[in-house]
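Both of the next two complexes hold chain A, though its partner changes from chain B to chain C.
And now, the complex of A and B:
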């Protein structure tokens, strides 16, 4: 009985939990800096425009292999960022509105392309792009706990797991290497320039890192988790501490717990209510991270703005 | 019939009573969206409406579940709209509450509300799919909108609600304009700024919930954002901005719905958004004030004036000219011959440019602190700045040209 449970867990749940967790952390890490720079909605924009990128990649290559999709999505993200800048500069349009114009239009174009092209034979649709299919990432080769040490069986893990692990390593490396530059240029751009940091390049690198994380996670888990994980864990962490290092650590903790708890609630929660059907894991992970944020807004030790009481009357 | 004929029939409301009603409804929706969006845009809260639109999803799902549990038809549109309005209102209050009560910025609040409410909505949609009859709920049409197979009652409801929203924009336009431009001044006039802001977002919310069925909740925000941004290119006046935004929204809604009715595989929501974007792109390119083309022409004219002037001054001083553009301009105007020698008109123009430059230099030396003379830019002739008798007086002070 126990062994059966173990095999079922390894086959059906281990890979989604790991992938969900990796995706959540990969998005939450750059999310910390985006939040502090008031650019939290970049994740929102990137995940909207990934759809046309993926559809174009499919139309060009004719396959739904992962790498062309990711290149397509990343390309669309670059196009979107460029278009937003263009509209901002040429039309002197406020940034929020420029962003709104670009991502709704690109998303609409993606949907239209999808409807117009013959994609009936392949698994590519709007719903998939929105909430991924975490539940389908299963590990058939697992036969028991010993499979965790079996190279052959491990090779049968869903490829998204390895891609996300690589992307996460790249992002951790980027943040570790440029921690000082990121921190200084986030908190005091003027000082950063004075000490010779190229703040423009740092900001651009951050957006690129965010785009890589978003695209890799998007492929595995859909855009809802991506948007939620860019914003919610860092925002929750921001309400817990005043120190950057601790904020990042808290955000990783919140991202991990949201991913695991969300998956468990989605898969097993309905059973507790007597329903045999699971609900959307992606949606549930976003919901759990929202509950975390809600609690932090009510109870977080650093939830209030500082410095207002001291301001001159 | 070709697609074009079908499209023209739909445009002229001859493609059947139902699609005519849908097109009119989408047009009214667009007018209301553009009008309400104009204020949201001026108040710089475009992306708050994005959070509000995504926050409708859990309300739609809960309304469906409640209606089914009460033994009714879960797809009854007024019920779904009420549910969506309730949850969108909660989402809006959530954004305001997070921004006001915590240290988090508005962008974080928007992102959090948007993703969490949408995620919760998706969870509830999967719950509905497991319910009896839930498979045919068709609630996913609320994501991207669909007018195919719309009931006539629903189309009437959308058209009527769109008309009401247009009326609300007309009634509320004065206080909303004041608050959008100068909240402090509006407060001294006795306008409740907070309540006006709420009314403005409430109006955006009304447009959202009406538009759910036609445009879908992911894209409805485009009807609030794109028309005012496009309209901003055409005017500097707020009353015209509202009218133009409403017009652009209305044209987008009407044309988009007609196009979508005429052709296969043309989902209504995305088509409406793309029509709106096309109008935006046209405005960006061709607006006479702020458009790309107009500013390119302005830039080119300015460049020509600078090169012409500098070329003439160089000729007057007998300096050689190497700049290609300068040479081309001088030759094209018949001021210089192909071999680089001044023509008769060229000599006259060069003399006048030199005289003007000398007048400027003398005037600026004599009256260094005269603000009028700060308009010197090396291009404006001095007789456009000073009166003829001032110029004559100035000429009497000029260093006398040496006799030849």
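And now, the complex of A and C:
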């Protein structure tokens, strides 16, 4: 009985939990700085423009292999960020409005493109893009706990797991290497430039890191979770501490617990209430993340702060 | 002084950067900065000599802060040349400390006082490295110089305006520079902070450092500074207080917005 439970867990739950956790952390890490720069919405923008990027990548390459899709989505993210900057400067509108215009337009263009082009027989659907399909990422090769040490069996893990692990390593490396530059240019861009930090390059690198995280996570878990994970864990963490390093650590903890608890609640929660059906894991992870934020707003030690916002320049 | 040194400078400018003969902390020629199509600073020449303390004075929106930002390349220059100790900024960053306006940053940022001061050690810590206990000790020394050592672990949003300004000054001290450019360091601070900042700046000058402040309070210019630059988009005057900060230059800069009696009071307060 115990062994059966173990095999079932390994086959059905281990990979989704790990993938959800890696995706949540990969988004939450750059999300901390996006939030402090009041650019949290950029995650939303990036995850929406991934759709036209993927469609264009498919039309160009004719395959739905993962890497061309990711390159297409990342390319679309860069184009979107460029367009947002352009509209901000030429149109002299506030950043939120520029992001709103760009990502809705590009997302709609992606839907039209998908409809018009001959993608019949290929599985790209909008629902999948939004909700992801965490539950389908299963590990057939697991036969018992010993599979965790069996290289052959491990190779059968869903490829999303390895991609996200690589992406997370890249993001952790970037943030560790340029921690000072990120912190100083986020807090005081004028001072940062005066000491020789290339603030434009740092800001762009941060957005690229966020785009990489969004695209890798999007592929595995859909865009709802991406949007939630960029904003909720960092915002929750901000209410727990007044130190940047600790905020980032708290955000990792919140991302991890939301991913695990969300998956478990989605799978078993409805049973506890007498319903035989599971609910979407991605949706439940995002919901748990929102509940964490709500609790921190009510109970977080740093929820009442006196600091004033910067004056408009 | 101005005519002679200017001729010398122009001839210097042609070929003399490498000779090392020019050690003027900050020299600006023809600086022009525009926001959109409206120039904020137009063709300003200025020279800030070593071990001097200069107030940049002018009405609101006259381009005082923009002059500093343009000199530092924080806002793009339309035209003009800027030399720090005879070199472009990127060769001289170690010698230049900049204190932006206090209101230009978000004080809700998750950082403690000590974290902000250690930002001043950025160049010293170096790429891909983290600050160590040696840097922390240096930052604590700088906090002590502005009387803020007891606040090292306080979140910056919990400080008063004057305390925040002192933290910014401590960060500049941590840079251990030769030239200090400060944007409105006395704006919205309490009397004790104003006194503390003035004595730190005068100490810097006494140690041979050069100080340039954007300054809005005309009544304290003569008490705090030995030089002045009056600006209203164009430079109106520049030089020692006695020459540059007169009723004529003030009248020209403020365009009749100051009454003669106000100006008379300012001059009374001097010397």
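Definition applied: the second predicted complex is superposed on the first by the 304 of 313 C-alpha atoms of A that agree within 3 Å, B and C clash if a C-alpha of one lies under 4 Å from a C-alpha of the other, contacts with A are read in each partner's own complex, and residues count from 1 in each chain.
Heads up, the rule we're going with is that a contact is a pair of C-beta atoms (placed from the backbone, for glycine too) under 8 Å apart; a residue touches a chain by one contact, two chains touch by 3 or more.
On a predicted model such as this, the values are computed, not experimentally measured, just so you know.
Student: Between chain B and chain C, positioned on chain A by superposition, is the outcome a clash or a fit?
Tutor: fit
Student: As a test of reading the superposition: which chain, chain B or chain C, is in touch with more residues of chain A?
Tutor: B
Student: Of the two partner chains, chain B (first) and chain C (second), which one does A:238 touch, if any: first, second, both, or neither?
Tutor: both
Student: Report for A:187: first if it touches chain B alone, second if chain C alone, otherwise both or neither.
Tutor: Only chain C; A:187 stays clear of chain B.
Student: Quick check on the superposed pair: does A:195 touch chain B, chain C, both, or neither? Answer first, second, both or neither.
Tutor: second
Student: Between chain B (first) and chain C (second), which, if any, makes contact with A:105: first, second, both or neither?
Tutor: first
Student: Using the touch definition from the top, say if A:275 reaches chain B (first), chain C (second), both or neither.
Tutor: After superposing on A, A:275 lies in contact with chain B but is clear of chain C.
Student: Pick one for A:116: touches chain B only (first), chain C only (second), both, or neither.
Tutor: A:116 sits against chain B, while chain C stays out of touch.
Student: State the minimum pairwise Cα distance, in Å, between chain B and chain C in the overlaid complexes.
Tutor: Between chain B and chain C, the minimum C-alpha distance equals 8 Å.
Student: Can you give me the overlap between the chain B contact set and the chain C contact set on chain A?
Tutor: 238, 305-306
Student: Inside the complex, what are the residues of chain C that reach chain A?
Tutor: By the definition above, chain C touches chain A via 69, 72-74, 90, 93, 96-100, 103-112, 115-116, 119, 122-123, 125, 128, 130, 155-158, 171, 175.
Student: For the complex, which residues does chain A have touching chain B?
Tutor: So the residues of chain A in touch with chain B come to 35, 38-41, 43-44, 48, 87, 90-94, 96-101, 104-105, 107-109, 111-112, 115-116, 126-127, 130-131, 224-225, 227-228, 230-232, 234-235, 238-239, 266, 270, 275, 277-280, 282-287, 289-290, 293, 297, 300, 302-306.
Student: Once bound in the complex, which stretches of chain A touch chain C?
Tutor: Per the touch definition, chain A meets chain C at residues 36, 177, 179-180, 183-184, 186-188, 190-191, 193-197, 238, 241-244, 246-247, 305-311, 313.
Student: Show me the residue ranges of chain B that touch chain A in the complex, using the header's touch definition.
Tutor: Residues in contact with chain A: 41, 44-47, 50, 97-98, 101-105, 107-108, 110-112, 114-127, 129-130, 140, 143-144, 218-219, 221-222, 225-226, 228-229, 232-233, 265-267, 269-271, 273-274, 277, 280, 284, 290, 292.
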